[in-house]
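This structure is in structure tokens; I'll ask about it shortly.
Every chain is named by a letter (A, B and C) in the order it is written, and numbering of its residues begins at 1.
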Amino acid sequence: MPFIPHTENDIADMLAAIGVSKIDDLFDEIRSEIPVATLNHMPEGMCESDMTRLLTERMPDFKWGSCFIGAGSYEHFIPAAVWDIVTRGEFYTAYTPYQPEASQGTLEVIYEYQSMMAELMAMEVSNASLYDGASAMVEAVLMALRIQKNNAHKILVPKNLHPHYRDVLKSILNYHPFELIEWDYDKKSGRVDVTQLQKINKDEFAAVIVTQPNFFGVIEETDTLTQLIHEKNALIIAVVNPIAMALLNPPGKWGNHGADIVCGEGQPLGVPMAGGGPYFGFLCCRKKDIRQLPGRIVGRTHDAQGRQGFVLTLQAREQHIRRAKATSNICTNQGLLVTAATIYMRLLGAKGLHEVAKKCLENTEKLKKLLSAVNGVKILFDAPTFHEFAIQCEKPIEDIIVAMKKNHLQAGFVLKNNYPELQNSLLVCVTETKRDKDLEKYQGILQ
Amino acid sequence: MINHLLRQPLPNIPTTSELDVIRHFTRLSQKNFSIETNFYPLGSCTMKYNPRSAKAIASLPGYFHLHPLTDSADMQGHLENYFELQNMIAELTGMSAVSLTPMAGAQGEFAGVAMISAYHRDRHDFDRTEMLIPDAAHGTNPASARMCGFTVKEIPTCTKTGDIDLDALQKAVGPKTAGIMLTNPSTFGVFEREIKKIAEIIHQAGGLLYYDGANLNAILGRVRPGDMGFDVMHLNCHKTFATPHGGGGPGSGPVAAGARLKEYLPTPMVGKNNDGYFWLTQKECPKSIGRLSCFMGNAGVLLRAHIYLRLLGKSGAKRVSQFATLNANYLMKQLEKIGYTAAFPKRRASHEFIITAKPLTQKTGVTALDIAKRLLDFGIYAPTIYFPLLIPECLLIEPTETESKKTLDRFVEVMKIIYNEAHTDAAKLKGAPYTTPVGRLDEVKAARELDVRGVTDE
Amino acid sequence: MSDTPRDLHYTESHEWVRIENDDTVLVGVTDHAQHQLGDLVFVELPDMHLTLEKGDEMSVVESVKTAADVYSPISGTVIEINNQLSEQPDLINQDPYGRGWICRIKPDNLEELDELLDADNYEKIISEEH
């Protein structure tokens, strides 16, 4: 019996100790009006060898150099050490660190993560993480509404923010009394429309979301935007790519005062794409707002003997204590993923992260150059990009995707489903995992 | 073109050599308790064994490096896994349809409550603004209800019998009732015997029933929430389906619905037709409450849950509740024999049970916290303490079905030692733990002086 | 045993009220309350000039294990707040009726003070809680 260690003798002894004759007796409080499950549509169990065979047969193909899709999930090389350590049983099967004396390993890792994340974003404090970038952004919006004093209840949301993030925002904030206003983008540059921002009134908006880079891979003029937004008395919620922050100006340094709340998807930091999750969302803010920060936070302290130790702190804000008045209903932090990110960041250091970011940029520029030389292919936006860019083709995009597939390439993300104004267009991502031969192959198929 | 946008200087994150990284993190890991090293009788958390084969398969490149936006045609096997998992969960829970996208229990809970809200609004029943929640419920329940715009009305539970006060429930329902959020077995660790009557009362008043799946391990394969009258529920893969806790996450909280609520399930889900497997999106599910996850939920966690269920199969699933319940009842009896007080001595334990240390506290001054801390000295992770809030000095103990009689007997032995120590050397218990890397930490200092970032000593 | 000064007034939600000579009132939380809460780590003070109805949430006191709302015992306007509590929240633990005061309120209606409990009645309530 898989995972049940009891022998027949064990069972007999235990039943005797309890004072019943069979296990079924232990369910005698469940009235017969509730039928016992038959589970007729449940398959019978499999042995490990059969299961391995089946799951391996169902496994999709994988080849390095084939994936040119980004759109919120990014292929980066993860050094072997990262997941070797993360999957140690002591990290992998540890519980939430509510008993700190038994969880110093996990707690210290999270403290390191908080420190590095805050440093990477140039913000004062970071929490222990949330589920993913989209939900972190939702929490950032809710937090902005809590700390904003101007009583405004409009949020400006860029159209060139990831479409799925905008969907999640609508799904979760459906029950809250405030308005999401769409911020259009400039069709030439791919950047947010500054004139629309200039036209909004002071105190009209509680918060404005600024992305870096935006969904099209385009790099925004974050200093200019920050100045303008703060002049309008709105808070800035920065949604950023963490690898990009090793190369570009981080949100804590935007404009004169920096962004107010920073969030984003942490997956690029040592977490595999794994079919869409688990990932982790990061959330950073100023120290003065720390009590409004949702999720778990680890703090450093000492025990009675003066030994340094780490604990979950500020738990009084969380659901298990405040209940209906909690800052959020969130229970979890993405402990395992945060451990991976921490090891990844430690292994690479700022220098290594910078190298990865630079390589992403270089490879993207290379492919851009190669593709702009192809007849019938247009680079859609003229502003600088990071590791993604949009192209528009004369041939139907479906045909291009099929041709790429035949050559074992995943061409990119088709844009028209979310941006009907961008017909026959593709969002192409190039990270440091690509080699020149991959880029030449891509160009070759397009020609 | 972007020089003015470049970062200067680089962040202060030092590069560490690979050997130093391996040593540092390996040593840190050794400071942790974990299922693979210690017994974890944490009530309400279901710390069962996480199969290594699940981890091995999930680590294979085809699954590990899979981009979520891969064309469906190129990942039919992956979609088949999702589809099969949806079906298995529906069969285990007695529900009609399942969405695997919520990324944790709390999100699955939010989804369930949001679906109830959508149902009523769809019927222009805008006055249904109240969600009924037992006073013993977990804190996420009222928090989720509030996030969906409901006001919370608390229903008292009898701390003597463990059942919900049916009279109070009858008085509390009315035209404003949107529904009720329940766990069964309840947070008291006992089965809600009147569940059919409760379902009747709520349904008759026009409300719906949400099931918090935290305690599903107690009934897995035995009885099903759908058959008890629940309209929607969430599950916790990291509890019932043995996916790893990872030091606080990731979880995964699929949501399952019966006929009334299935059209509101969050997207995307996997469908099947003659051409194969495909994603069901907002287009195919116009009444869906929408997307909760950027992609399709925690695919890596769901894969592990799927593998676990395929290994278990029909008979294995039935054995889960049988042996979880056997282990819990055995422990409860053995602890009572030593002198501990069960909170519900006349009731069957479900997969967990509550010991109240109040008599011990009154006699010796030793609290549930002291017992918990002293257990750590014996290499046993403490049970859940001070939850549910209604039982004073409580320890909520859940052994799970994957623990052997030998492990349970050792736990009983240790609890006996602690019981004796309480009577002979209470001060020792109050100073525990002694053998862990640190002793009791100054949590007041941590909250007052807020040191949440910095350089660690090593 | 909790301290319950005779010359103060009280609420069922464990706030104390001192009526001053100028008809303003000082408000804080009782010794019983601070004992239940444990070591306080943070106090969220009301904003200056905040107008309150009797029973409104006015402040939050936070310990490691819980965060409790403090309710306004009367209707009125906040005219003074104890900023020292920002640096030293434990003043409430050390001296709940003295240096641990939370704020000063100018009452809208002095008759509302008659609805408050006296020391004897408050003591009855807290003894029933055990």
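As a working rule, contacts are C-beta pairs under 8 Å (C-beta built on N, C-alpha and C of every residue); 3 or more make two chains touch, one makes a residue touch a chain.
These numbers were taken from a predicted model, which means no experiment stands behind them.
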item	value
Both-way neighbours, i.e. chains that touch chain C and touch chain A	B
Centroid-based (C-alpha) most distant chain relative to chain A	C
Mean-CA-position distance for chain C and chain A (Å)	44
Separation of chain B from chain C, taking each centre as the mean of its C-alpha atoms, in whole Å	38
Euclidean distance of C-alpha centroids - chain A vs chain B, Å	22
Multi-chain contact sites of chain A, meaning residues that touch two or more partners	316, 321-322, 325
Sites on chain B at which at least two other chains make contact	443, 447
Junction residues of chain C, two or more chains touched	41-42, 62-64
Contact set on chain B toward chain C in their complex	443-444, 447-448
Partner chain B, residues of chain C touching it in the complex	38-39, 41-42, 62-64, 89-90
